[in-house]
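Multiple structures follow.
Next come two complexes, and both contain chain A; in the first it sits with chain B, in the second with chain C.
Moving on to the complex of A and B:
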């Protein structure tokens, strides 16, 4: 079902990414230590520390030995040390990851489910008033970038009406626990999730609607109708399922960028996710963090692609014959 | 049946909205006595507030300074006693004697004594603190405890900014805790935040960028009148709204909202300028190596208009002596190079240039300079390009990634570049950015008189004489112009007035321009 050639492709892509991550800072102008450690190195660097770092990264050795040292460290789970945060890179990123997963995960589920449902309904009644108004409305939404929707929502519900909080993932030092804490987190989550969901809703909707219209003309739909199946079964099980393939691809592409996909929305809401971390790292020129995030994004894109490849045949067995 | 799903949607949405409204808790009620004070910050996380683990930036130091204290401290008008009740400088021995308070306890109940001060200084020599260097010119040769509450510090050499940069900046740490610690950066447990200050750390969250401080009941100046201080993270754009809504008590604000904040009943304060943007000129390359050429450039740039246009008026035009006009160290006789294109033309013609069509030429070659800067200086760069071109000097302006700019400047591979730095309160910055090494310095050493003066002011212990030297430096520097200070931006803070925030004289510690002096929270300031 899944060919060896495919796996080899993934391995090559993975190694290529690792190599890029290794060579980029070394190709930057100036001292590679500066590029590896960023601005902080300049402030915190003592001769002892410099000697230690040069040794750790084998910077005084030929390039291929440096590469060896790099892979050695990587396989021990060491993504580097951030001098800005005075901490190893991995825990800093992992500390932010749950919030990003919560934010992007909930909006991904919401926008996909809503997008598919609305797409099926809209495609089913193509040309009707409902279809046309939905199409126009969602096309309009599609034109807004997520951060812009976020700003509109924040200004309306946060600043003007004060219904939702202005920033963060929870109320600091509110002394809440249990259910009250959960509600507080949800209250902070509401606007950013709404912004992301609304911004990404249209993509899934348009794709589903288009495929739906094509699928409805298929002969098997006529057969199904002739069998006297209920409209609900026709719509969702026969037409709907077959319209999902492109949406799965699109969701996958977005999922691959889960780590940084919400960067702008996180910025607008000061949400403590990986996107915000990336932005801060860019401002502080904290190259170890930037590289760590880059590696994580690359790996998650690869993993998601792999999972999508695996899921296609389940959704549509015809895909397997293509190999 | 057809519309079932569509009908279902509102049914789902209505409970969702009700749910959303339910989870909105009641507004926090404002209390007249100050049980809690919330400070907004757009970055949030500045590291664990121990003397070593906080990030080596001003806000990191401030979070630490609520817990740890120094020998002397500053209020709005200058030095005040802190851990040391009094101090004197013994010129013939080049030593400082500090008489310490005898009623100070560490947060864990241990008594504070001269031992702790001696230990701290020895410890910092071996483990450099990001804000204080005790080796080299600012170093302490020997520290002795004369008795339990008197210490004597012998300096390596006379060092004028010693009180400001060392005694007023170095946090004193408890000997009984740090004695066996080899790697101070990794000490991040509760013992790492035991100090003598008015507050103790109750919580710190790296992810959320929040801090919670509680008043220390046994503080030797009496329990602080603000029970609890919170630092919370709010994006820059939302701080004004949070201030107006009352969810935070203080925060920095963009200049555009100053009047809006004042109308909303908030108190707005502005810092004496502490940061400058400058045009760095490659004085080791033709034709910029000529002083007259550099002066010609200065006459062509209208710095007043630059502030109005690129900073929307929220700033002060740069003084070519670098020291801002608001400073006590400012020399009013510094040459100013008032905008005058005729003078540019005169100077350039004196150097053999001729104005042909719109640009100057020499030996048939058009005068063209390359200006590089990072993207945040885009408007400033465009303004300079426009003004220089109006004056007949063609400019190729390029923005690039900051590191690339630094590397090119470091390697002298540029004509003009724009660069900014702070720490303008204390004149010791002058030596660092004029003659020391590094991309952030003009590395201008060809004027021996200037180099001597820069060196001499650092070791002149008499404040009046030092001022005289700093005045001379400004005149020579402004005349030689290895770089031209373009503008000083203005920074604002707004607060609810419950605590009287103020800007510390010459900045907190060694010069941090943020109005969060712990004194504001200890006793009500007038």
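Moving on to the complex of A and C:
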């Protein structure tokens, strides 16, 4: 499956992302300084600062020189300067990143494991009452936008019953440490993770169930049954493992969805990750941050897709014969 | 491709439920001016009222009637959904079918672009662009369509490639039929069911996206939208107004998406016939 052609695909995708990042603010009507540096920069603007800003991205030069300045800055790891936080963009984003990784990571693991398991069970019993109610239930759940699920959980467990905290990732000024701190983090993490996991459970489930149904019709399943293998071995080792393959190919696209899903869920729970940072930046029109987050998320998803493409023939050798 | 799509959907329980939900939502959107009891934009001093005979779902923080806004919100959701559905299915068909028929360098270039767009996370691009342009409904439809036709084009091309080899298409070609004629007379009619599945999933994605963007506050603030209503309601979640303000809105949005999912899933054996029998067996 992997070929030179695939690299070209990723190069095109990468160039498109960079082009969008470069041209979009520069094509906006009005002052490009405002579109590149955000509202806050204009408020703080002095003639000296203005001259410096114009110079940094070569804004008084022709477009191709601006492009050169843009790439020069980018390859030095310079994502711009946020005038809202009065700090370079990269450290601001990196400071929020651990919370998002924690949230996205736990939800991704939970929803994958649960989704695949439910998919195997449901596909194995295809057509039965259990299968049909599971299918309808999960497809219904799939219809709930993640932010709505989040709000329902927040109102039920946070506002009404007061079991879980309403917002944030830590109790502020609690001075907790050690185990107490860990428990505090987990307590704050629970509802956002639950919302994100429930909202993205159906993807893996539907895919595994569909493959399971096709796999069960394969001749090797009949052979395995004829050998007298136990139900459990048939279900998990023979059918289940082979049904997981398409889930792997989808992980990249899926991860993109969970990351953007985290953006909405973080907003609901005021969870201080990259998503909430983006939301604050949208409110303040802090364009450097928005651009920085866009670049980081888009490029990470690309890289992960690329790695999955690379590893897929190793997981399923059939694909290298097919091409 | 002689699969009866109507039969496929009718034979599936969720498929029927999905159709009923969708028809209901379309009816609400069409009859919005009749169903609404107030102008959805009319502000008043009577803010955050509880449900009463005058205001079935109470009023919001600026005194607008929630029920009227809910009903008119259906219009925004469905307009964006169906607009994107039609446009992106159209684009997908044009590029998918033409790539299959013309072949050569053209096919390579088109499919390369399609593949590149499939690996880019679309939501984040839409958020970035919307952050700058705050799209109106029309711009939003164009934007989402331009970013979402690629998946459909891929399926359409695969199908057109196999249809192209059929006897009747070869016969038409031997009579000197033009690409466009072949596409219109022989390929597109046989794509029918696949077009519908692609259409339904595009609509679903667009409804989702519109609500999400409005929830983030980066769509046109002067147009009533379910996402925006939920965003407003969230800031009052400590009051009990969520019961009639937030929940009905979220349920309306979720029901619309569930209806589309059910219909789409019921029609899916059209693309993957091996799945047939999974529902009823």
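General remarks:
Please note the rule applied: the second predicted complex is superposed on the first by the 313 of 323 C-alpha atoms of A that agree within 3 Å, B and C clash if a C-alpha of one lies under 4 Å from a C-alpha of the other, contacts with A are read in each partner's own complex, and residues count from 1 in each chain.
Heads up, the rule we're going with is that contacts are C-beta pairs under 8 Å (C-beta built on N, C-alpha and C of every residue); 3 or more make two chains touch, one makes a residue touch a chain.
Everything quoted here is computed from the prediction, not taken from an experiment.
Annotation for the three-chain superposition on chain A: chain B and chain C clash. In the superposed model, A:170 lies in contact with chain B only, and not with chain C.
Contacts of A:268 after superposition: both chain B and chain C are touched.
Using the contact criterion defined above for the overlaid structures, shared-chain residue A:68 touches neither chain B nor chain C, since it reaches no partner. By the touch criterion defined above, A:148 reaches chain C but does not reach chain B.
In the superposed model, A:137 lies in contact with neither chain B nor chain C.
Contacts of A:159 after superposition: both chain B and chain C are touched. Among the options 24-32, 42-50 or 114-122, the segment of chain C that ends up inside chain B in the superposed model is 42-50. Chain A residues 28, 35, 154, 159, 267-268, 285 lie at the interface with chain B in one structure and with chain C in the other. Within the complex, the chain A residues that touch chain B are 28-30, 34-35, 40, 43-44, 46, 84-86, 92, 95-96, 99, 117, 121, 125, 130, 154, 158-159, 162-170, 172-173, 180, 183-184, 186-187, 190, 230-232, 267-270, 272, 280, 285.
Taken together, the chain B residues at the contact with chain A in this complex read 1-2, 4-6, 20-25, 42-45, 47, 53, 55-56, 128, 130, 185, 203, 205-210, 212, 230, 232-235, 238, 241-242, 245, 247, 402-404, 406-408, 410. Here chain C touches chain A in the complex through residues 13-14, 112-113, 115-121, 123-125, 127-129, 131-133, 208, 211-212, 215-218, 230, 234, 237-238, 242, 246-247, 250, 253-262, 265, 272, 274-275, 277-281, going by the rule given at the top.
By the touch criterion given at the top, residues 5, 8-10, 12-13, 16-17, 20-21, 24-25, 28, 35, 126-127, 132, 135-136, 139-140, 142-145, 147-148, 151-152, 154-155, 159, 206, 210, 213-214, 217, 252-253, 256-257, 259-260, 263-264, 267-268, 278-279, 282-283, 285, 287, 290-291, 294, 297-298, 301-302, 305-306 of chain A touch chain C in their complex.
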